[in-house]
């Protein structure tokens, strides 16, 4: 009983610690542009957690989260601009619709585990992008949908970056809390199994089939939620939201480099990979190739991600 | 119309078959989830572009040099990267994703983002076979692909190295126990796989335009083919590669041109729903990711 | 001493399997290694032929340390391994197996060796063009043995050659092993579940339990040992 209490205490402290850090960040990076990036990072945290649920809970790699991101964003955009539906209503409908799609995909795809599912998820995102590009009546094709309304807090339209940041943060914290609830107990086991057998396949046996489907659906819903926020913040959606190179790649790196299966890994990853490309701007044209190289090195030398590596280090010191 | 689309599909499918065979070797033998394979295809095309258009070399020489570049690329890849990350599919998947970003953007830096065309050495007159029209370039693509695949099979089936390759593929430990140097085999495999993709790039570059991002489509098709055909299954890779090309051409022509990229994929999903191990695999063993 | 294992320790990842194995195989002798499942018998053979690196200790073959050598070099030094479960290549023919068995030799040596194999094992000659996947269990085992012989080894390691075979075939295969040792002069290290039969053809015997050698004696003595009889002859 005592051990459990200590554990709860410790994890609550960690949670509080991280939340505090997140609250302070917009004052550390205080320029308007930096705050803009911070908000993007928050949105990406949500998106990355969508993948993290799949990876950490089901033990299944998915490369299609960008698809859910796009569907959520587009449905939200269409509802608010074309039908003038109110903000929260649109969000809820978007999330539910995307969750349904995610559910279907999971039911169909999870029977074919491993590589097959990964391929299905890739193709899913491509198809989403294709539809966004070509169903011009609804989606405006390449141009995307513009003039999407910003968030409002009890009727007051939010205009300052700072206020938007804190508004989004509320939901990020809620999601982080959800992650802790959903994942924490399973993660320990899943992670250990992955380590021992050294391949993703080993952890496939852990969750019963229907738990995996539920988890994947929740992941899709969370990614869609992120999509709605993105649509509202950037005030536009475009087919690039489902693009592998623009979105999915970053999500993968955030989750993996931050630490897959951990709750705060994607947080570190999201901020890292939102800011890193900016700091590489000086290299101009070579920025992206350098980025690729950095990724390769990070994966090779910190294969479990930063958070687990950090945890290992601090544990050793004790 | 049907025959015309069928022919176009075969041209496209030959390219897909070549790319996929390369991919299935790398994935099946060395268990490397190579997300950069599309970039090898792209680089093959750009190598050909450099030799053919930028340096103005004669076609045969340019083609030969492209293959040489492919060999060097494959060798370096194995030596510097794959050697260290074989078998762990999550890690090597991520590393190859990094490589994909690296190569795509490097290509953009070197050759620019504007679409390019390979200077075709073939006259652009169309030949008519019955009701079907085809350019000499496209005929060459089909022919050259067939020759490459034939060469590949001959190497695999009849040479000592090819047999050692197959042995390592089927039972790695037993192969090592007869004295086969598995490191060398892996090196050869990576080279073979890379060269196949490069050839595909150079060939399809004769019919389609080049862009630094052309690898994205290639890798998606390639993955679909490898998964549907079964990792390491050569016949599967070729047949399904061809099929993908044909379905894409037919779907694009009869149903919708805008969504033509989606057809092979939809077919794949249907395949995987009913037979998750892929069309050609024999056992009920799940594919491990 | 042809082969010596001195205090060999090995592990798979974090699971320690060998805890200080000491073993010797004399020139020309047939040594049997018996013991329960999971004792580390297969693991011992894998360390000898370079498939598993060792954590501690040394493996010496003909005066040379081989524990850090690559498998292909160990084969060239003269050790051959007939692995557990035979590990044949299903889509390759019998002839191709023998060809590959002689991989390290020149093609002329190989050709004459193959002919010899056909003499020694007429059943293989009958089936030479057949795909090995279509052979019966017993035939596959013979093929695996022939393949191991092709590299002209000084020492052959046999890992559970009787696995999955009917009792009649088991005695045939083990007689074959004895013949190879007696007539071809190849030293043998035999790992076997069937302890009774193994100890009846061997000169020396080792009992391996929990990763180290618990008993070691002339095979005849071990065969008559009460503990060995009780624990392992039921298998």
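For the reader, a short list of remarks on this structure follows.
To keep things simple, chains are lettered A, B and C as they appear, and every chain counts its residues starting from 1.
Assume a contact is a pair of C-beta atoms (placed from the backbone, for glycine too) under 8 Å apart; a residue touches a chain by one contact, two chains touch by 3 or more.
Fair warning: this is a prediction, and the values are worked out from it, not measured in the lab.
For the criterion of most C-beta pairs in contact, the winning chain pair is A-B. Relative to the whole-protein C-alpha centroid, the nearest chain centroid is that of B. For chain C, the chain with the farthest CA centroid is A.
The distance from the centre of chain A to the centre of chain C, with each centre set as the mean of the Cα atoms, comes to 53 Å. Computed centre separation for the pair chain B/chain C is 42 angstrom, with centres defined by C-alpha atoms. Centre-to-centre spacing of chain A and chain B amounts to 32 Å, using the average Cα coordinate of each chain.
Shown for chain A are the residues in touch with two or more other chains, namely 198. Multi-chain contact residues, meaning those touching two or more other chains, do not occur anywhere in chain C.
Put simply, chain A touches chain B in their complex at residues 60-61, 108-109, 111-120, 122-123, 126-127, 130, 133-134, 198-201, 204, 244-245, 249, 252-253, 256, 285-289, 291-296, 299-300, 303.
Against chain C, in their complex, chain B makes its touches with residues 160, 163-164, 166-167, 170-171, 173-182.
Those residues of chain C that touch chain B in the complex are listed here as 49-51, 70-72, 75-76, 80-81, 83, 87-92, 96, 99-104, 147-148, 150-151.
The residues of chain B lying in touch with chain A in their complex are 33, 81, 84-85, 87-91, 93-95, 97-106, 108-109, 213, 216, 220, 223-224, 227, 231, 258-259, 261-262, 265-266, 268-269, 272-273, 276, 278, 286-289.
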